[in-house]
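Going by the order they are written in, the chains are A, B and C; count residues from 1 in each one.
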């Protein structure tokens, strides 16, 4: 384990040390900002380096959400406006009235396209965006929600393109991460190849021993629509160069804990010498929970703000004001304004089932306790 | 077992043979159309004939849905328009803004009328329609859904009457089933009495051994409102001549598997020498899921398109594009555009609890596997 | 046990006698009106008197709901109008379009205020009302519901103040309870101190033995926002004089069974020589279920009309037309138009967990059976 932790946050480093001791294959990065200051920045395990770039799957959506927030801040995107007001083709097949906030919180029923789609269409962006614009919603918009695992990125990307003339990943780099020097990429340039770390897939033994609480969706089901219909699956695809280059905003980002925590910290604080990214009004609009409850395509409940996840019983990553996103590879990154803290965590080996694992959530609890103690409160009374 | 099955669909006939062998009292009809062709047409069990007419309870709603679809196709009914625009009296007591799609998907809170209603009012149509128009919704429209077991037929009937001047059952016969020679009746004429088969009720032993997962609703509860308040109950009533004659659109239809499968096949295909009934746009509008989740009046979840049921975990009858309806007597009939298949199944003995039984759902799975194999795919990978 | 029960309702008194025999510490009051007549009026247990005044916690909300109903009746409050039309400051932070009926059924996401609030702000009314007006909804209005344990009273109070110039508790006394001589106070005057009974808190032993199915919300959670952030908690606070004086409409009322039952009876019947309080149209508007299902902040389901609770599986206090409210101290009071009955029950010792206990619900069932028998029906067939 290498890196730093200020004394107030040493309990988090200690907990991490326990996890490292218990699992020699455990490798990753963790970074925390409190009141805009880096209070913990660690990397550990075989083959890690603090500035490595690892695929973070759906934690990419956090970066996408921050780009959308910038457009809201600048008045380029009104969350209550119909999507079709920016993207006229989108209005086809009963979608003329769908507001931005509904589309961007997994409620509009555009989880995929009839007949399925390919990686080529996903990476090419325009082909899939055009098909989504033509698609009839898979359910009456607003009557249900289900995780648009990849399409939400394509939809947000097209909205950003229409509003700014820039693709979402380019906007991120040009206006958010680039000037601040943050390691979060939606579309990782070839120049960064030397820092790329590989996602370690579950072993055959692990897979054999694993009973998925939400089994894979059969062909012809809604769940099946959500992912590309051609092999390989994304857990294999994620280590491919074309995956990194395309940087599809819903799942193709590369990052490290330091970059993710600093990105979320930059929302409220000066980072890299630049002013805070967003005002309170914009944060309030973007982080307000839009939908909650059981998903149509899974046995689980979830909660979403605009693009961002909100904490739930299954994913208790913070206060009612927190917003962020986990990733299928085990990552977790968020901002929690109630504690004025941000958190970035990445891990090399994919946990089963995917998403932030119990270690990430325990570290997140420890962080909140440290925040309260650092601010003079009584940590035990908090969580 | 008599009838035909083309080689690609023989596995379905084999499964049915197993069911017949396991239960000597099992009697019914099953018909399947694939790509618009009859690929399987069977009847079996004591006292059956392929052209028998059996009460199919809520599978009647499928025929009602197809009539509504014809009106949508012809521009006579706009699903987004207020019901009151066609039926002004309906606007009473806060119902002025309820759109067609909400009323026709069990969401408007008109499960019955305060004080209960009688079979005479149901069969007479106009008396119950008038009381429903006067009724305050039992919940804020759109805030919940619960199966309008019988009233949805009366509501749809009145809408069809207002839009076309014809009663729903008459429209069905004049414009849909009559010209195509299909055995699905909402209001079975006296001339067909010779073909009528009787529903076989559960025995006293079966009823004694049965623990209903959703016990009967007590008087004064919402569930109690849904059914006529005077005896006998509908499972007894269904064999009465007045029941057949009235043909209440939500539950009073008579049909056989052949008629039901052909009716759903006629949506996309030439049947009986007549052009397909509906265009893709209309199918898309009518089959889009409108509501989903736990019902207010039962411990179960359900999903509805406009009148039609959508597949759920409890009733997994097909792909996300499938639409149809089961019946309390055990019947199941649907169209699944993803597999380009339609399915009609009727059974003489009422299963406990009611609705499509496991046999129907297993046959439905087998049919999908056969569709995929017939189209050159790998059936095991599908369901 | 003292008081009266007419013969038709003696079974209820017998049941109560069993409860009293089983628990010597059981003390409280129960009153029932049927067809507007007092049919049962009892008090029992150590230290009770029939005209005692006991804190009834959230059963206070029933009185608040009746005041709101009076404004609806008089056209001073339109449930479909935006709250901001009466209370312009409320329109801040995306709340301009929230209709009255949504706010008053726990759906608008104003469970508290960021940072928490104090008893002083709650009792002062204006400070908390102003902060609520400034608050961004904790979720997209209408996307979820969760019990606004105390704020719903402040919100209703401000609406009544804006519509009438009177505070809600003053309106209640001046126009509803005062003229009829009913013992229900939101703001109990000093003159009534002699009749005040104390809520008996759970003993340390009871608390130690108790596992809460819905554990207390941690700081920073939505559930934590709902209650005042400064000690003591309300179960202790409820016996304080300032609590009685303030009479916060969501939980600070004092009453007895007689007063509560007569208050609900006065909705449809002449009580205290004055005409019935509300017409059927108003009762229909106020008692229509507005929201239903699992709450965002608890593992439980609930159902609400405008302010009033509706019966659910967890709280089965009557027919689909019933409306009322239980209280954390164990009280239960409601009106059930289907049986033309009203019910008021108070109890000295707080049950664990809070809310109407099984005894109250059993008595409520017995009352319905007696109503049916009294009206010539067959009680066993009913519930």
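By definition in this document, a residue touches a chain if its C-beta (ideal position, glycine included) is under 8 Å from a C-beta of that chain, and two chains touch if they have at least 3 such contacts.
Please read all numbers here as calculations on a predicted model, not as lab measurements.
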Target chain C, source chain B, minimum contact steps: 1
Same or different residue numbers at the chain A/chain C copy interface, by half rule: different
Averaged-CA centre spacing for the pair chain C and chain A, given as whole angstrom: 43
Sites on chain C at which at least two other chains make contact: none
Chain A partner contacts - residues on chain C that touch it in the complex: 93-94, 114, 136-140, 143-144, 218-222, 225, 294, 296
Residues of chain A touching chain C in the complex: 101, 284-285, 288-293, 318-321, 338-339, 368, 381-383
